[in-house]
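In what comes next, chain A is part of two complexes: it sits with chain B in the first one and with chain C in the second one.
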Partner chain A sequence: MTKRSLRRGAVTTAALIAVAAAPAFAQDEKKEIQKYQQMIAEGSPAELWELSGEELWTKKQGPKNASLEGCDLGLGAGKVKGAYAHLPRYFKDTGRVMDLEARLLYCMETLQGRSDKDARARLFGNANKPSEMEFLVAYIVGQSRGVPMAAGASHPKEKEAFEMGKALFFYRAGPWDFSCASCHGEEGKRIRMQDLPVLSEPPGARKAYTTWPAYRVSNSQLKTMQWRLNDCYRQMRFPEPTFGSDATIALTHYMAVLAKGAPYAGPGTKR
Partner chain B sequence: MAGPMKARAKMQGNYADVRVLMSHPMETGQRKGGDGKPVPKHFIQNLTVKLNGKTVIEGEISQAVSRNPVFSFRIGGAKPGDKIEISWLDNKGESNKTETAVA
Partner chain C sequence: MKTKLILGLALGALAAAPFALAEPTADEVAAIQKRDFHKRGQAGMDRIEQDAVQRVCTDSHNKPPEALAKAMESDQLKAIPFPSGSLIGDWKKGAKVASGGRGMTWSDDPKKPSAGGCYNCHQLSARQPSYGTIGPSLTGFAKKRGNGPDMQKYVYGKVYNAKAYSLCSNMPRFGSSGTLTEEQIKDVVAYVLDANSPVNK
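Moving on to the complex of A and B:
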């Protein structure tokens, strides 16, 4: 708590200075931020998450004492290479469109025989208690590096998810009457000194979608796309969305389809 | 109980560019935990880099370094195929090491 309010205090001071200074100074600051972003991207601790995730992927656990190696992520049982680039997609066995996180929960329950409660025990980690989900996601997305994004977009359920994601993106609600588009719907918006991409257009969606999930320096943890959406909804003061729900999957699917063709560049590093 | 560690080394002209990632909490001793008590100091103190078994860098680092640190450095006179070993030792006496070959 103390750390949080301290950080907020520091940020406010920085913002005041930025407002008071001349535009030329703001330009310099922007360059410095870009330099910083480049520096943190060069050696990403996300790779450490990938290593731990690979171990968890092959670790036998749960009532069935099984590993996740037989999990079908869409390209066939146990096929991990390039699988993330083809997600979210429609899965015949569940009859719904699923993203990586929802599919992992499904595999934990079906292959390892774990209860829903157990599989969801720690969806978001922190420095003291890391999350199994975040490790697994790091490993799997890392296996799609360089693979062009190609989320499923032909099945009627996939088309439905895309349309639902689009509707949710522009849906205004909550005490502030915000939608995703309030911040990510037009050029030139920012939060503090972070430029916000326009996620409803392919260039912005490509840039953002191919660098998430990402290691966040401020949390010193790797964060998943489901976490990203959860936190956006928190910032918009919406009720907390359910992890792996049709709504969050639809939003993910909307961005993934817009990012089509861009090679996956993550897992990235973010401030 | 040390987490994973990963190193990469690549020739850049006449030196090897080495990059190493390590998992470590790097607690400064200044932070308070959820229970309001200070979190004990726990940070890497020594960093050693060996080229083909010979120590080429000995570094002393402190609390000022972030959690899960990333280091990069250049080693002159290295050749492709040379073995680089990187190890750390923290204030609790825990250690870890990793090896890589110069590519």
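Moving on to the complex of A and C:
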């Protein structure tokens, strides 16, 4: 496993060098970038995150010296297999629609007795300071590979979240007048060389949602869906959305419901 | 005054449209954002508040009633402070403004000048293969459309406030929003229109 990952790492590095050294002619550069995109799709360090995440899932910690193994992700306490494909969904114990990240925070607090501040100590990691949340998410989502997406869509709160997510998706504001649809609202568009999926229609939502969370080469980290939304809003020139808030969950839920039926294929690899 | 009346009528008509029951009201959408977003760096909570243009474009899914669009575009145009004298700056400086993408996010230093991010959405120089396609290609713009005073005024105005020409354009209002300075916009105008600029080579 480790050997394979190392080899993959070497391939990625070689691909990066190939891109950096590409001649400044449009066609060649495009080809090089395509080659690089193909390479990173084939091999991903995401599996290392999955393994570390599994260790953290079973590790006893917090004031209650408990693991997260008893956490109910929607399919019952401790049931991890296929759980992510059914999120976000309504949870009776909190009376809220929750995504994976919000649910993990909840379990850290209830099962492990950790404070909200402690659970949120490092929601986004970097090479020097990795994030517990990102490891845990990698493990959980990996346990839904191949499972068709089936986010909750029948409870009134779930319907409400879907509609709110849709409204937020099209809400234009900020100094640059952006909404999510400014970049993800029309087929066949891109920013620089980056293709943009239309996230308000099932084909684009399926493709994007089933490949996030993802190992992101430019961050050298596995990034969560909460991070993805956070960085989109940053680039939209908005104020910051609060991690795990109803607004971010509604938006995630909107895309998850649109992705219904597509087999989960993550954690993916992105540029 | 007239615009306000039309705006009021249009918003009234939009609000009365037969939406699904579960659809949240504009107030509910505003309320959840007020609660679930927070100020960070230069990005304050005032950025969540919509102005009339943003409101109309959101409510109409970027297809505003034509009369309303015309009236509001005209108001936006009147508010552009066109400088007197030449609008053509330095195309070499304009190239940097067009290539750069920084500015206005919560992670940007507000004391540093912002860039325009033109290449994120437009093709400009034919020699730059990394360009976006949300906006139209501007390669060879001056060769196709000329670069006389009227065209200079149009390009300056379009960069300053794209909504004066197309109310629900995806393009930011780089002047009105305080993203780019008058001098930077003149440099971008030169980058698009100057015969020596790579855009027109």
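Quick note on the criterion: the second predicted complex is superposed on the first by the 239 of 271 C-alpha atoms of A that agree within 3 Å, B and C clash if a C-alpha of one lies under 4 Å from a C-alpha of the other, contacts with A are read in each partner's own complex, and residues count from 1 in each chain.
One rule holds for everything that comes next: a contact is a pair of C-beta atoms (placed from the backbone, for glycine too) under 8 Å apart; a residue touches a chain by one contact, two chains touch by 3 or more.
Values in this document were obtained by computation on a predicted structure and should not be read as measured data.
Within the superposed three-chain model, A:T94 lies out of touch with both chain B and chain C [touch as defined at top]. Counting the residues of chain A touched by each of chain B and chain C gives the higher count for C. Using the contact criterion defined above for the overlaid structures, shared-chain residue A:A127 touches chain B, although it does not reach chain C.
Shared-chain residue A:L51: touches chain B; no touch with chain C. Contact with chain C, but none with chain B, is seen for A:R192 once the two complexes are overlaid on the shared chain.
When the two structures are aligned on the shared chain, A:S115 is found in touch with neither chain B nor chain C. After overlaying the two complexes on the shared chain, residue contacts for A:S179 are found with chain C alone; chain B is out of touch. Across the complex, chain A is touched by residues 20, 22-24, 28-29, 32-33, 35-40, 43-45, 47-50, 53-54, 57-58, 61, 104-107, 119-121, 127, 129-134, 163, 170, 172-173, 177-179 of chain C.
On the chain B side of its complex with chain A, the touching residues are 3-6, 19, 21-23, 25, 31-33, 66-68, 70, 72.
Within the complex, the chain A residues that touch chain B are 2-3, 42-45, 47-48, 51-52, 127-128, 217, 220. Of all residues in chain A, those touching chain C in their complex are 24-26, 29-30, 159-160, 162-164, 167-168, 170-179, 182-183, 186, 188-194, 196, 233-235, 237-242, 245-248, 250.
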